[in-house]
Each structure stands twice: as structure tokens, then as C-alpha cells.
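You will see subunit A twice below: alongside subunit B first, and alongside subunit C after that.
Right after this comes the complex of A and B.
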């Protein structure tokens, strides 16, 4: 089965991300990494492609910096990678992003399963996931914690999904878009063979023209970025004769502050 | 001149670093305390090519150049000296001679095992009464009896013996008093007559096992001879030349780990109302460490590069190993100094790093021997010119 997954390069989680004096978000010269949630979707795409005897393709939408994430994906074992570049795409415009994503999936022709990570840590949202499913007109299953079976003959997929109240086991008809949780698998490290392949890979670039779409008008406008106000933290050391006394005082404090 | 690592190497380095930080670093303190290598991590190493860095892919290796192999060892050393030493010895001393001089049969028999993640390779040169001076001092002797070699003697300070499917053992096969007296024979540690003594109690590198091993009328088939009879000393010197690049890389890695710890600590620890990193005497140590580390790393990379170019690398390998091991000593020393009493405590990793690095000026040729090698080469060059 042809499986498609998406990824993007995001600042290293250890990097210090801030808004500089010109109002631009920067993370110094810290490296970018694969969006951490995508490690799980990439792994799942590799596993399911193998299980179904199919192929897994990874797509990134955005400028060249996202090639890093694509190369990491190939090094992990994805069969092929594509980058979609639209010069006038604002990466915070999820509808524009989803329009390109859905068109890219359709261009693959025979894709039946799209796997997303839970969200993107750079824009801290997952709305592009649902918008992509909507644009494709496919069923959307979010927070999948396990793929239990894929029946390629009858074209169904059975998954376990996390709900607030517990778990749900559900079988739906393909094609579907799913988003997967951390813990669905243990993402593999790139292998030396994969790294060798990735470092030689030439990643094709598709434009909106190649996809036969144009970006919809923006529905939102980004006005400005601001750094978070510095948090005023007050430290107090609780004193007392015994551990019991200190604990009692601590509990009183917590009750006073309505923490408990 | 190009000081940039290739894209492939950068990716490899980043992957190894992630792996080491996630799979080895969290266990480094426990490894030191219990004397047990982080085997869960080692079993995952074949996927990354770490157990066959310069072994052909046919035998499960990664077939990398010396620069890539050095970077891998450096990254492991940065988080755990014990794992670094065992992996360095495995690749350079255990696999290396079989890759270079093994027959097809020897390669097919041993290399897939060595790259599997279940074993670590080993080379036995040193003896209780001889380390630097193997030529005059090594006594372990083997004679041919029918189609078997019979080995008698004792080897000491041998890394990885307890995990080796086979050990490359340096033996005398003649008694002419020349460098052609030696051969290398492959011996499985479970052969009758082999005794592996209890692990040595060491100052550092405690999880990397070091054993004495005795051979009493140990019989192995004649096909266990590695390369040609009489070429053992030559093979040893060749193996040590390349092993030295790896020990240099390991030294740089340990120094890098200590360097990062000391800079971070200097920025956090306050004295006299400000981070100690603001004090000029602390900055002097940080600056010196940065300079020395950079110099050591460049020498190791250059030695690896010279070897990869197929040129004679005896001198540059000795230079790199000497410099890097002495830099590790200095950097780890200052890392403890900057940590004050915490540096002297087992609760901070610099204490372990200091003990671990101490071997680097001893193993695979002491600093004295490196200086002898370097001086001999330099004098020879001047003699020729």
C-alpha cells in the first residue's frame, strides 16, 4: 500500500527560541531536527509499508531547510521524499499548507493512508492535519495509539484510538488520514546504510503549479510575535523543626494558594 | 584544504551523538560503578555500523573510512570512556587484523560474529613482563605439531577477552631473536587449556573488562594462523599505528565531555556574587581547554585523513595520540578544578572522566613510546634530506 507521511524541520527542542529586536523568531545557530512528533509517524509509515508490502513517501512543505528533516526520514528508512515549495506560503497559514498537502497526496495517485505526527511543535498546532483530511475528503482518525490491522484486500484499517474516557477500537474504510501518538512505536535511529542513501539523495521539488492548485486567500493574518513576559518567581524555603512540621507548613501554604 | 565534514559524515555524527546521549550516557555512571558495559546499547550498535566501522558490508560492517570511525569513537568517548575503549579495541584491535590479513575463511567465520552485537573483539599483545618492549620481552610461544599450533604463555591487560568469540594472539613462532620471530594466531577463549583470569581492578574504564589470559598447551588448527608466519610483529605495529588514531579520538571524546561539563558548571556556579565563568582565572582554563581540544581534534582528524589517503601515517598517528591523550589529562584535570569539591565527587561525571582518560597516555603505546616513534621518524626524515 502506498503510505504518505509529512514532516518538517523544527528548531532543536534544546534551542533557545526567541523573538529578536526586528520581531523575527530566531533560534540562533542551533540545529533543526525532525519535528519530534513526526518521529512516530515516520516510524509507523516505515513499519506499515513493510507490513503491507508497499511504499512509504514523506513530504515536507516549505523552504529548503526542510530538506534536513526529509534526509533524516530517508536515513530512517522512508522509501522516497518530496518537498513542496510555494514561495508565498506563510507557514502559519494552515489552510494554505493543507491545500498543498492534499494536492500532493492526490498527485501520488494511489495513496490510501496518510500518517501525521500529533502536532508540529514550531507552530504548536494540529489543525493542518484535519484540514488536510477535509481537503482530501477522507476519514480522519486522530490520536491513534496502535494500528491493529490493515486489510489491503477489503480496504479497511483497524486502529486503537485514545479518547478522554479511555480507548476506542475502530475499523474504517480506506483511505484515511490518521494522527499518531507518542508511544505508538519506538522510532528507530537512522542506520548507516540509510545515512549513506540520504546523503546522496536528490529530493524532487514540486510547486503549486505542478500540483495544479493555487493558494487560497489567507483567512488569518499574523500581526506580530512577542516574547513571553519573564515570569516573576519567588522562592521561599520552608523551615521547621522536623520534616513533619515542614510538610504541614507546606500543605497549609498550598491550600492557601489554592493549589490543592 | 577543506575542514568541512561531508554531509554524510555530519549526519552520521549527529545520529551517533543522539544514540550515545539516549542509550549510553544515562547508564555511564552505573557502568562505572557496577563494572558492566551497557549491553542494551551495544546490541543496538550494528544498526548504526558501530561494531564493524571498517568491516566490509558483506560481513555486516559499515565499511567506513578512518575519519568516520574516529568520529564514532570520539562520540562514544564523550559520554562513556569504558564503552569507548571497548568499542575502539573491538574495531581496531579485534576486527582490524582479521579485515586486513584474514583469509576468506577466517573472515567468513569471525567477522559476522564480531559485527553481530553479541560479541566484542580482542587483541592480546602485552604480557605480564612485557608491554612496550614486545620484541625482546614477549614470551608466549607456539609450535607446529602436525596440522595444529600448540600455544603456551600468558597475556596480560587484554581488553574484551571475556566477550570475544576469538582473540588475536601475538606469539613467537621462532626463536631467532629477530622481528620475524612473531606470528598472530586466532584463539577461541573456550579452547582447552585457555584460562581467563578475573578482571583487573582498575582506576577507571571499569566497565571495560581487562583480563590476564593463560595458554597451557592450547591446540588450534593450523588454519588459525593470521596472515603469514613470521609477520606477526609487522602486523602488530601496523595495527597499533591505526589503533593510536582511535585512542586519540577516544581521548578527544572524553576531553570534550569534560569540557562541556566544565563550561556549563562555570556558568551556573556562583562565587563572590557572580558566576565563576566571569572570573578571569576560570576563563583562562576554559580558553586553554578550547585551544587544546581544537588542536587535538585537528591532529586526530588529520591522522585519520592521512591514513585514508593511503599514505604512511606512523608519525602523524603517534603525534595525534600523544597530543590528544595529554590534552585529555589537562582538560579533565581543569574540569575537576572548576567543579571544586563537586568535581571530586562521584555525583558529577568529571570525576569518572578523569579516571577514565588516565589510560590514554599508557594504552596502545605509552607517551614515552610515542615520543620515541616520533623522534625516530623525524631523525630519519632529516637523515634522508
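Right after this comes the complex of A and C.
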């Protein structure tokens, strides 16, 4: 089965991210990494492509910085990578993004399963995931914690899905878009051979023209980024002769603060 | 031309967080000079619509159809999209729960409308909806605007908006509509559902008690047949030290990624950049160092208490109150003290 997955490069999770005086988000000279949630979707794409005797392709939408995540994906074992570049795409415009994502999946021809990570840790929330599914006209299953079976003959997939209240087993007809949770698998590390393959890989770039789409009018606007208001915490270390005394003092404080 | 608020239900009852959406919707509706319409789909919709009326809605559209009893995206999104097309509401709003996110985003895509996800502040600029949301794992804030004349879609972060006081004498005008998709047209079939009883939802919790890697430093000895002694000690610590404190406070149990990855506690409990983002009134971090990725998930807690035996642990920089103690000595004493003081 042909599987498509998406990824992007995000600032290293330990980076200090700030808005500079020109209003631009910066992370100093910290490296970018593959979006941490995507380690699980990339792993799942590799595994399911192998299980179904198919191929897994990874796509990033956006500027060249995302090649980094694509190369990491190839090093992990994805079969091929593509980058979609649209110069006038505002990365916070989820409808524009979903339009390109859906067109790119369709251009693959015979894809039947799209796997997303839960969300990207930097710019957005997971709204692009659902919007891509709608633009494709495919069924969407979010927060998948296990793929239980893929029946390529009858074209169905059975998954376990996490709800706030428990777990659901659900079967749907293919094609389908899913988003996967941490815990669905143990992401592998890039192999030595994979890293060599990635370093040599030439990643094709598709434009909206290649995809035969134009971007829809922008419907949301990023007004500005701001730094967090300074968190004026004054830490008070609770002291005392015994743990009992400290516990009593802490409870006094918590009652005063009215948080109990 | 009202403000639509999707009221989330589970097994015939309103999710309490939907009251926050009704209140946030009411503020926008007042500013726009319109009313709030509650959308209630699935079993017991009429009674839930009444309840929505007591929390700020003036009208409701309900669809009590068997296909909608359990949430499935296809029939819910098809119905929401049809209602948006028929009524052109000014705003569609819901809480950013697992279901709320996907429903609102899907209908925004169906109608080619703008959306802001997980707003923590909302306002109006004329007819435009403006919102603040966290970005870069909460390290910066983004201000977004939805302009133009079309319907604007918004989800709000749980616990970021205060519900209104219940007004038991309020009444509501209810309209009933039919479902859009029949069962045959719905591709997903739910085969089974296993409810986790007593599962405290971290995102809804007013108090969270979290444990980290240090919970493995349990002074008890693991029994000879325990398998991995570290895991046994940590699990025992979560069960006999962390959970009793949480139960005393009616709190949810959280964890650091180190605790989750080491197999001390299931992943659902992870707080942080690759876990859940929480904003309780009180967050008690036990044996957690306070790595930046952990902070990303809990720094918005109103009050943070840190218990750590290392007085230099970074978590103390975020904490309002710190206790430099071994969790195994201090937490049982704290639980005992609370038992006395809270009269339990």
C-alpha cells in the first residue's frame, strides 16, 4: 500500500525561543530537529509500508529548512521524500496548507493511508491534519494509539483510538487519514546506511503549479508574536524542623492562596 | 446570525468544559449584538440544550439521532457544516478537546473559513475576532485575527475561560433538525469502547500531582520476584505516595517523560511538550527536575509547588513554594496533614 506521511523541522525542544525586536520568532543558533511527534508517524509509515508490501513517502511543505526533517526521515527508512514550496504560503494559514497537502497526496496517485503526527510543536495546532482530510474527502481518525489491522483486499483499517474517556476500537474503509500518538511504537534511530542515503538524496520540490492548485484566499492573519509576560514568581522555600512542620506550613500557604 | 457554540456531550450528559465555551461565546455574542445558539447532537439533546440555556445560550439547535450518539467525525462534521451553510453564524466556537478540535477544523475546511485553534484570550476588533494562543510549545504567544464577513471558527483551550454562574430560571428556544448522513453513508464503525473509569482528565483538572524519575528512589525493597526492581519501586511509589496525595486533593496524576519512558506510569499521564499541556490552579511536582520540555506543559499552572531533594533543581525557579525534601519523607506527611486540615 502507498503510504504518505508529513513532517517538518522545528526548533530543538531545548532551544530558548524568543520574539526579537523586529517581531520575528528566533531560536538563536539552536539546531532544528524533526518535529518530535513525527518520530512516531514516520516509524508507523515505515512499519505499515513494510507490512503491506508498499512504499512510504514523506512530504514537507515550506521552505528549505524542512529538508532537514526530510533527510532525517530518509535516514530512518522512508522510501522517498518530497518538499512542496509555495512562496506566498503563510505557514499559519491552515487552509492554504491543507489545500497543498491534499493536492500533493493526490499527485502520488494511489495513496490510501496518510499518517500525521499528533501536532507540530512550533507554529500550529493539529488543525491542518483534519483540514487535509476534508480537502481529500477522506475519513479521518485522530489520536490513533494502535493500528490493529489493515486489510488490503477488503480495503479497511482497524485501529485503537484514544478518547478523553477511554479507548475505542474503530474500523473504517480506506482511504483514510490518521494521526498517531506517542506510544504507538518505538521510533527507530537513523541507521548508518540510512544517514549515507540521506546525505546523497536529492529532494524534489513541487510547486503549487506542479500540483495544479492555487492557494485559496487567506482567511486568518497572524497579527504578531509576543514574548510571554514575565512570570513574576517569587519562590518561597518552606523551612521547618521536621517534615510535619513543613507540611503544616505548606498547607497554611495553600489554604491562604485558595487553591485547595 | 448568532454565535454557535458546540456543546460536547458524552453518554447523554454535557461535558462540563462546554460551559466555558458557552461563556466565551456569550462574550463575543454580546459584543456583536447577537445571541448564543447551543448546538447539541446525540442522545438526551433536549435536556442538555436546557442546561446550555442556564449557562448563556438563548437558542439551541438539537439533533437527537441514533447516528450521533457516539461522536464520529463524519456525521458530526456533515451536520455542523450544513448548519453553518444554512444559518451563516458569525462565529462557531467549541472547547479544544480531542473532538472539538477535529469537528471545528473540519467544518472550517468544508466552508473555506478561517480558524484559530486553542485560543487562551478572545476579543473583537469591530467584526473581526482576535485571539491569543500559545506557540512554540508555549514559549511565545501569537496574536491572530479572523477578518472578513464569513463565519469565523474558534476553539478555546480548556480552563482558559470561566463559565457563567448557572441561572436556573433561564429558558431557551429549541429547534430540532434532522441528521445529514444516514448510517449507511458513515464509513467509520465503532466496534467497542472501553471506558476508563475514574480516569482523571489532565486537561480538565483543577489540581495535578505529578511524579518524575525520582519516584524510583523508593526506600522499600522490591520483592525478589518483581522483575525489574526500579520499575517495581517506582510503580509502588506512584501507588502508595503520589496517588494518595492526589486522591486527598481530588487531583489528577501527572508525570514527566522520564517517568513515562522508563515504564513507571502510562503515557496518558505525561505532561510537557510531547505530553499534555495543562493549566490547573495547583500543580505539585514531585521529584521532577523541571526540564524545559516539562515546563512547556505546566508553566501556565496558576500556582506551582515543587518537592525535590536537590535545592538547585530548575523546577524551583517556577515554583511559588518549594520544599527541599525527599518525596518519600515529605509527601506522606503532607497527605496526613491535609487529611487533618481538610477534615477527611
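Please note the rule applied: the second predicted complex is superposed on the first by the 259 of 260 C-alpha atoms of A that agree within 3 Å, B and C clash if a C-alpha of one lies under 4 Å from a C-alpha of the other, contacts with A are read in each partner's own complex, and residues count from 1 in each chain.
Keep this in mind: contacts are C-beta pairs under 8 Å (C-beta built on N, C-alpha and C of every residue); 3 or more make two chains touch, one makes a residue touch a chain.
The model shown is predicted, which means the values in this text are computed figures rather than measured ones.
By the touch criterion stated above, A:75 is placed in contact with subunit B alone, subunit C being left untouched. By the document's definition of touching, neither partner reaches A:67: not subunit B, not subunit C. By the touch criterion defined above, A:192 reaches subunit B but does not reach subunit C. Here subunit B and subunit C are compared by how many residues of subunit A each touches, and C touches more. In the overlay built on the shared chain, the residue A:143 is in contact with subunit C alone; subunit B does not reach it. With both structures placed on the common chain, the touch criterion links A:173 to subunit C but leaves subunit B unconnected. By the touch criterion stated above, A:9 is placed in contact with neither subunit B nor subunit C.
When the two structures are aligned on the shared chain, A:41 is found in touch with neither subunit B nor subunit C.
Interface residues of subunit A facing subunit B in the complex, by the touch rule stated above, are 31, 71-72, 75, 188-193, 195-196, 198-200.
Residues 10, 73-74, 77, 96-99, 101-102, 105-106, 108-110, 112-118, 130, 133, 135-148, 150, 155, 187-196, 199, 201, 203, 207, 249, 266-268, 270, 273-275, 281-282, 291-293, 296, 299, 302-305, 311, 316-325, 329-330, 333-334, 336-338, 341-342 of subunit C touch subunit A in their complex. Interface residues of subunit B, counted against subunit A in their complex, comprise 6-8, 11-12, 14-15, 18-19, 44, 47-49, 57, 62, 64. Those residues of subunit A that touch subunit C in the shared complex are 11, 13-14, 16-19, 25, 36-37, 92, 94-95, 98, 121-127, 129-131, 133-135, 139-143, 158, 162-173, 181-183, 216, 219-228, 231, 233-238, 243-244, 246-248, 250-251, 253-255, 257, 259-260.
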